[in-house]
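Let me begin by handing over the structure; questions about it come next.
Each chain carries a letter (A, B and C) given by its place in the written order, and its residues are counted from 1.
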Amino acid sequence: MNLLKIRTFKDKLFLSFVLLFALSSILPLFFIIFYLTKQGISAINWHFLVNLPKPVGETGGGISNAIVGTFLLVILASAFAIPIGIGAGVYLFEFRRSKLANVVRLSVDILQGIPSIVIGIIAYLWVVKRMGSFSALSGGIALGVMMLPIVIKSTEETLKLIPYSLKEASLALGVTYQRTILKVILPAGLSGILTGVLISIARIAGETAPLLFTAFGNPFMNINLFKPINSLPLLIYNYATSPYPEWHKLAWGASFILIIFVLLLNFIAKGIAKRWKVQF
Amino acid sequence: MESPVLRIKDLYAYYGEKTILKDINLSVPKNKAIAIMGPSGCGKTTLIRCINRLHELVPDAKVVGKIYLYDDDIYKLDRILVRRRIGMVFQRPNPFPTMSIYENVIAGYKLNGIRLSRTERDNIVEESLKKAALWDEVKDSLYKRGTFLSGGQQQRLCIARTLAMKPELLLLDEPTSALDPKATLRIEELISKLKESVTIVLVTHNIAQASRVSDYTAFLYLGELIEFGPTGKMFTVPEDKRTEEYLTGKFG
Amino acid sequence: MRRVLFSGKFIGVIQREANIDSDRAFKNILYISGIIVLILVLGIFVSLTLNSFPSIKAFGMRFLTGKEWDPVSREFGALPFIIGTFLTSFIALLISIPFSLAISILLGEYYKKGILSSTLNTTIELLSGIPSIIYGFWGLFVLVPIVRAFEIKFGISPYGVGIVTSAIILAIMIIPYSASLGREVISLVPADIKEAAYSLGATRYEVVRDVVMPYARSGIFAGFLLSLGRALGETMAVTMVIGNSNLLPSSIFAPGNTMASVIANEFTEATGNLYFSALIEVGMVLFLLTTVINIIGRIAIKKMAFEGGQ
């Protein structure tokens, strides 16, 4: 009977430990968001959002060039990653029995695991070196390469959930394979694919490392794709590691904006996954 | 006698090394319904899929022999065109989930990029839904999603979608096996009426259904055509012993 | 598009070529999309290797064992960074294990549904969504002073920044990866073998310890590999709190550098072909390391799917 008491005690103790460790992982999240909000929200005002960064000592600096830059880089990356990503995702699903498809799938996994700084090196070697200068284009390509595996995987997973009978029904009507995929299958999987795209955008919007030697950053506003461009994460990095408290404040404000953007995208993605899901 | 709509000559079908159909010979006269029956695994679904070349979706599928739609060898035509002239309704209703009822009926045209005027489209939709005995039930909710209908209604929607393409031959692959008895009866009545405008090939494992609906019956067993003849005759005085055993329920 | 006249034979010949061509062209586009990815990965490997050549030729194996990273004397030994990477990543992994396991067990076994479950699930999702630069920023301004205070108290050199601080930040960042994979595999343990154990009179703890965990072993291992891979490649958060010293770290409280952070710091300032090539060689080592870990993880997941099916 003593043994039973010990075992029961161990059982309860185990659960308490598990609860303790699991719940304490919520703490860092709270700390970070709390601190971020506290430091960041006071920096947010209209001028902050529309002004350019000012030199040290001057007040009223803003992050407008970084906001525009992030926006442009996201568009560039998406233009690269979405068509190729969806195409490769459809390929992996439709030709899943072929050996080549398995090799491609392995490549997607490898690509996903490559550290972002290495992607930055590659974009430097392939674009910056060739062009002779840092540019928004090279940054967009680096981010696009990082987006690619996520879009591919979520497309493939979405297609797996679509019943085969849909494809059959369309083909039986004498619809070509091309139209069946483009007009029946992909629309049926739209919510899943869109969710994957939004999540991948949320992921790359906060990336800094691949931009360090591609987009490089720019203290001025720039919309020329062939010139260096600023982005929110780059600005945060530069300002946070600077010795000036005014710049630290701006960095907190930018961090706040960035995290709201990222969380918003994730939230919308989830909403789409739920609401737009097609019933079969 | 009018030339038959469908003629199958010396048909063999294989999936890789496996022989599914052996030496099938069959003729289907115009505006008649023929039922293809047999125990599970006899090849009846494969046979029907050879007719609209849907079996080609399976890798390793091979077909030897000839199938004629009127005078056309369907293996010499582009399979897309074959499928536009032959309609198919599947076992599980499969309306396109992202489209409304209206869009589902007209889907064959839309997906093929064929442009029609608004009145033409409306006419085709109404005519097809009427032929499928669904018009009265959905005429006020044409723009709702097709997936909100009951099983039987969805199946009639699929029939309307197929009829909209004005096929010369209609293939039905166990169209009522996923439906309740009431819906089944409605579809059987529909099939009897549809014979007037289109020729029908019906795969069914329901012996009673075949006797109710078809003019001719083909009995398939282990990939071979055992017997083919007028339904009435086959069900009363079958020629082959195996046919008799199947009809009296001696095996699956 | 032509008006369709329903004598099928008429449209037969005209449309034939169009259908075959458009379908073949479309399938080719799909093939090409797939191959682009393959070529991309191969291209990355080739580029890294080619551009590392000058450095490989100059140093050979000494690159991996050399302790001196000195751009001035043009001696490039990457050992400090390799050590720094391994130290930060493995310590981070060790720190993360109890938390990650606790979350996996709690969400996969005890609380699969309910408020606690959704709160915790949302938390780990949010944690994985925070950009690494923000982790680094927070780490620099909040964690570093805490660690410094701790070091002062215990008489250690109060850098504040260093290997340990990086490891702590990394641990927080990688917990979501192993936790969510772990949660998945634990929740998939079949109910019937658990019930068999319960009916023999086992307590819940015993069932978890002797039935659930052994069953989910490969999946959990794969989750940790995934976390490790993430930690090895993490750049920004580490760069901001590791102290950026190119010397071999004297202790885990000393500053150091990782392979990723040295590239981030020095790439734009590298002068001369050899320096540049050496940094790229660091990048290649990092690439190979993370790829190998990735592949091992995939094999572990496949193994788990296999065993699970029995």
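Here, contacts are C-beta pairs under 8 Å (C-beta built on N, C-alpha and C of every residue); 3 or more make two chains touch, one makes a residue touch a chain.
All of these numbers come straight from a predicted model, not from anything done at the bench.
**Q** Name the most central chain, where centre means the mean of Cα atoms.
**A** A
**Q** Looking at every pair of chains, which has the largest contact count?
**A** Counting C-beta pairs in contact for each chain pair, the top pair is A-C.
**Q** Round to the nearest whole Å and give the separation of the Cα centres of chain A and chain B.
**A** 48
**Q** Centroid of chain B to centroid of chain C, CA atoms only: how many Å?
**A** Centre separation, chain B to chain C: 53 Å.
**Q** Indicate the whole-number Å distance between the mean C-alpha point of chain A and the mean C-alpha point of chain C.
**A** 15
**Q** At least two partner chains per residue is the criterion; list those residues in chain B.
**A** Only 80-81, 84-85, 113 qualify.
**Q** Pull out every residue in chain C that's touching 2 or more other chains.
**A** 19
**Q** Counting only residues that touch at least 2 other chains, which ones in chain A make the list?
**A** Within chain A, the residues that touch at least two other chains are 176.
**Q** Quick one: which bits of chain A touch chain B in the complex? Just the residue numbers, please.
**A** The contact residues of chain A facing chain B are 97, 163, 165-166, 168-176, 179-180, 183-184, 187-188, 190, 278-280.
**Q** Could you pull out which chain B residues touch chain A in their complex?
**A** It comes out as residues 52, 54, 57, 59, 80-85, 87-88, 90, 92, 94-98, 107-108, 110-113, 147, 158, 161-162, 165.
**Q** What residues on chain A touch chain C, complex-wise?
**A** Against chain C, chain A makes touches at 7-8, 10-11, 14-15, 17-26, 28-29, 31-33, 35-36, 83-84, 86-88, 90-92, 94-95, 100-101, 103-104, 106-118, 120-122, 124-126, 145, 148, 152, 176-178, 181, 202, 205-209, 212-213, 216, 233, 236-237, 240-241, 248, 251-252, 255, 258-259, 262-263, 266.
**Q** Help me check something: in the complex, which residues belonging to chain C touch chain A?
**A** Going through chain C, the ones touching chain A are 19, 22-23, 25-27, 29-38, 40-44, 47-48, 51, 98-99, 101-103, 105-107, 110, 119-120, 123-127, 129-138, 140-142, 172, 175, 179, 203-206, 208, 229, 232-236, 240, 260, 263-264, 267-268, 280, 283, 286-287, 290-291, 293-295, 298.
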